[in-house]
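The following pair of complexes shares a single chain, subunit A, combined with subunit B in the former and subunit C in the latter.
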Partner chain A sequence: MSNSIRNVEAKKLSLDGDLDLECGQTLSNIDIVYETYGDLNSEASNAILICHALSGNHHAAGTYDDEDRPGWWDSLIGPGKAIDTEKFFVVCPNNIGGCHGSTGPSSINKETNETYGPDFPIITVQDWVKCQSMISDSLGIKIWHAVVGGSLGGMQALEWSRLFPKRIKKAGIVAAAPKLSAQNIAFNEVARQAIINDPDFESGRYLEKNKSPKKGLGLARMIGHITYLSEEAMRSKFGRELKEDKLNFGFDAEFEIESYLRYQGDVFSESFDANTYLLMTKILDYFDPAEKFNGNLSMAFQEIEAQVMVISFSTDWRFSPDRSKEIVNALIEAKKNVSYLEIESPHGHDSFLFADKDYVNGLSSFLEN
Partner chain B sequence: MNTLEVIRNWVKKDSDILDLGCGKGEILKYLSEKLNTSSLGIEIDQSNINNCIQSGLNVVQQNIDEGLDNFKDESFDTVIMSQTIQVLKEPKKALLEVTRIGRESIVTIPNFGHWSTRINLLLSGKMPVTSSLPDKWHNTPNIHLCTISDFELLCEDCGINIIEKRFFSNAGNENFLTAFLPNIFASTAMYKISK
Partner chain C sequence: MSNSIRNVEAKKLSLDGDLDLECGQTLSNIDIVYETYGDLNSEASNAILICHALSGNHHAAGTYDDEDRPGWWDSLIGPGKAIDTEKFFVVCPNNIGGCHGSTGPSSINKETNETYGPDFPIITVQDWVKCQSMISDSLGIKIWHAVVGGSLGGMQALEWSRLFPKRIKKAGIVAAAPKLSAQNIAFNEVARQAIINDPDFESGRYLEKNKSPKKGLGLARMIGHITYLSEEAMRSKFGRELKEDKLNFGFDAEFEIESYLRYQGDVFSESFDANTYLLMTKILDYFDPAEKFNGNLSMAFQEIEAQVMVISFSTDWRFSPDRSKEIVNALIEAKKNVSYLEIESPHGHDSFLFADKDYVNGLSSFLEN
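Entry: the complex of A and B
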């Protein structure tokens, strides 16, 4: 991709302290894999933290030496882009519980010398944010100029503004919701059942048995993928196009959309860990900052000091504009600094990954004002 | 005084302001600089919104015609609606909403009763096109224009108190003509109102 940062390298750090998790357990010896783009200024005042979503990782932008495929948010992060690496020092860690190098279900528990597998504790968005604050300490960043994320990443940005009001100047919350709806949880549950019922899942101990629940994980991804696209996007991209010119009267993939989903499922199941996927869906399901405030979201926002920008997309039905507006209205009620943009975009929930002009202008104005 | 200066006199220091149809945010920016107000703008146009954001203003993209139920009763010290009511589908409903949300409100309207529009219509027999109303009838965003008398009647109908009112000429100033016969000589009218 043009205008991408080249020769990006993933770095690793080991966190000093323990992390007390919301579930009551404690996580020690935490390793974090992360990437950075741009340069930290001498006052350490230009750092932006990027929070990844369900299937994301630390490789947010640029390309590696030996690979052309750019990071997942390369459309927005880079020189002259919405999150401008000529102005900002951008940090993206792989969250704990992930499966791309940070401590997670597929890593070795250093206390038992065995793979965590299904014994990895259930993490919450709050745990992630606390862990990211430990990462900030390690990197010498006292205050983030901004914390930005899409979808589940946006939920982390929101939690940052609540839990560490003094450490964050701006929060960019993109294509997110203040909590999952019953429909959202339902999709997650179907995805979980697909994984758990794969015979190769082995109650989560598939790694020890040299197996992998690829069918289940692929199916989970297919379900997820449907919810990321809009009806409009699917229709214009695939319509009812057939792979061959005729119907074969069988159950093989005949329509283009079928083979697309199968392909997405296959690729994903090769590179993602099933236990991590289960964990990520739980993290989403549990997220509900208002819960401790009798469901009153504006009460949950009382401590926020950051300038907040909420962005939604017209065709996103996973976390629709109305869900984003719940965050906005609660912030207005709590008399906080909030701006809101509703971008016309055909790409459904995935819109947050595309560099739409209005979206780029809005986000960059917010980060740079 | 010009319109901005009058608004400044009508707004209290450190108060919180909601500007419905805030445009590029000129009023909010002016008030926050002069009176340290905290501000929120509602705007529909994307490029206007970007201007607001670049000025560091809080701005929410929302279509006023789709309702303002997301704002609680008397949740702002002052609600401003400047040169906006005439583009809305339901001006009466909007006016009631403005006075519901604000403890006080400031509404500015273009006066269709100005002598130039009267003469324009009288002589040409066509819908007036003037310097302050430059669009033709079929492509104007101003779908609910009114005169000063019309607006004051509407306030009366709605049980809204007019606390203060000021009238401005085409040049944006107050003079003896605008004070003497506002419905003929004022091109803009500004009202401080409450429920």
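Entry: the complex of A and C
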């Protein structure tokens, strides 16, 4: 892209302290891979933390020296973009549990010298946010100007505003929900079973056996993809178009949508770790800040001091506008500073990745004013 | 059920002729298993054909001598019910390609003395309807008082009115669509891949090898189940209830919805044939009566003479009311006799199985007046 940052480089840091997890276990020797864009000002007051979603990573924007494909949120992060790197110092870490360099299931456990694999503890959004606060300390950032994320990333931004109210000025919560619905959990469970049932999963110890449950992981990704796209987007993109002119009366992919999904599944299964995928779906399922407050979401929001913007998209059926409004209404009930933007967009849940004009303007004015 | 027909017995017939299929192949030596309820009158003018859906079969109503569980549409078929067996002679065959007694992939091909398995030809809704017309001949039914079905069954009722306009007086098309959307096809494709990827599928020759791709078939059923239930039904039935009081931070089923789906998948995979499931999803994907009329549905409906009733359900997101209305609008455009009923029901696509009062009254008055 013409206005993408060039020659981005991933950085690495090792956290000093241990991280006590919600599950009761402790994680030590944590490595974090991250990227930064723009410059930190002398007061360290212009830093924005980007939180990635299920299959995301630290490569949020720009291009590497040796690769043309820009980061996953390059449409929104860069010079003059919604999250303007000429004004802000933008930080995006790969979360722990991930598979792109930060400590996760495919890392070596330095205490045992063996790959974590299925023994990697189940992480929660709260654990991630605590870990990100340790990253903030390492980088010398006491207060984030903003924490922003879409989908599972939005849940982290919300949790930041709850857990560290003094360390965050603005929270940008995009295409998120205050907790998963039974249907959301159901889709995650089918994805997990697809992975676990793959004989190459080997109870999660596939790396030791030089295997990879690619078919199961591909299937999980196909299921996910259906929920990311709106029915409308699928219709306009694929309709009932056939790859060839006529029906072949067999089980090879013949409708365009079939080829597309198989391709997406194949590509994903080559580059993503199955144990990480399992973990990410579980993190989503567990997220429910109201749970400790007898289901009362506004009570869960009592400590929030940040200015919050919630953004949803008209055709998102994974986390629909109604789900985002649950967050907004609970913030209003708790008398917090919240604004809400509902964007007309045809792209379903994936809309948060597209630089729609209203979305860009809304987010940039929220961050800059 | 108290008002269910007792001691129902499945019957069998062998069709005399061959069936030329849309794929170009010919099916010979066709066996059909079917059930009947009520009595055929002397003019043979009170017969109603019931068409089953994807996972259905000929056991639509009543109970067997040795089993208490009633047929899949027992809520609607029986004495005094929506489809009143005191007034009508009701016939429900297991479709060819099925796995409950009619000729299908798990049958022996009488020409080769081997199980069809993956060599069973791909059938279409049109093939089914032609086969059902041969069944009608065998049973001495020249004209059906009505052909009724839900979901894929509704597509057969629609096709009956198109292909045999002189042999059908009324068509009851419930919870159906004039063709699948890209999203519908996408879900079917994921289900197929789940089955085909199961190593016990053995390229479809699992029966010869005494295997069964139960995990893949169970997964396919789990995916289907999500699309049969409304988000609302899932929420009220399961919410985010945990099986135990607390999160277990592991991958065993812990939310109620997870156990439910796993159970549904397990039960189904014990009683259904994987090749049949593949076939049924393909039959759905291929259904598109407008295709031969350049996508003009009302042109496809020109020959229809039957009185048509289309029924949809408010929370059905598999085949939503908007999809049913496409059928209605095309029938209106073709100046046909059509009525439309949209039922408020919380059960999603499965609503067509529940005896909602408005639904029962609407269907019975359509059939009886």
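Throughout what follows, the second predicted complex is superposed on the first by the 369 of 369 C-alpha atoms of A that agree within 3 Å, B and C clash if a C-alpha of one lies under 4 Å from a C-alpha of the other, contacts with A are read in each partner's own complex, and residues count from 1 in each chain.
Throughout what follows, a residue touches a chain if its C-beta (ideal position, glycine included) is under 8 Å from a C-beta of that chain, and two chains touch if they have at least 3 such contacts.
Only a predicted model underlies this, so the values are computations on that prediction, with no experimental measurement involved.
Enquirer: Applying the touch criterion given at the start, work out whether A:Ser271 contacts subunit B, subunit C, both or neither, answering first, second, both or neither.
Expert: A:Ser271 contacts neither subunit B nor subunit C.
Enquirer: Touching A:Ile332 in the superposition: subunit B (first), subunit C (second), both, neither?
Expert: Touch partner of A:Ile332: subunit B, not subunit C.
Enquirer: Determine, under the contact definition given at the top, whether A:Arg235 touches first (subunit B), second (subunit C), both, or neither.
Expert: second
Enquirer: As a test of reading the superposition: which chain, subunit B or subunit C, is in touch with more residues of subunit A?
Expert: The partner making contact with more of subunit A's residues is C.
Enquirer: On subunit A, which stretch or stretches are contacted by subunit B in one complex as well as by subunit C in the other?
Expert: Residues common to the subunit A contacts of subunit C and of subunit B do not exist here, since the sets are disjoint.
Enquirer: Mind listing the subunit A positions that touch subunit B in their complex?
Expert: Residue positions touching the partner: 307, 309, 325, 328-329, 332-333, 335, 337-342, 358, 361-362, 365-366, 368-369.
Enquirer: Quick check on the complex: what are the subunit C residues that touch subunit A?
Expert: Touch residues, subunit C against subunit A: 22-24, 121-122, 179-183, 185-187, 189-190, 192-194, 196-199, 215-216, 218-219, 222-223, 225-226, 229, 231, 234-235, 237-240, 247, 249-251, 253, 255, 257-258, 261-262, 265, 278, 282, 285-286, 288.
Enquirer: Sort out for me which residues of subunit B touch subunit A in the complex.
Expert: Touching subunit A from subunit B are residues 16, 38, 40, 46, 49-50, 52-62, 70-72, 75.
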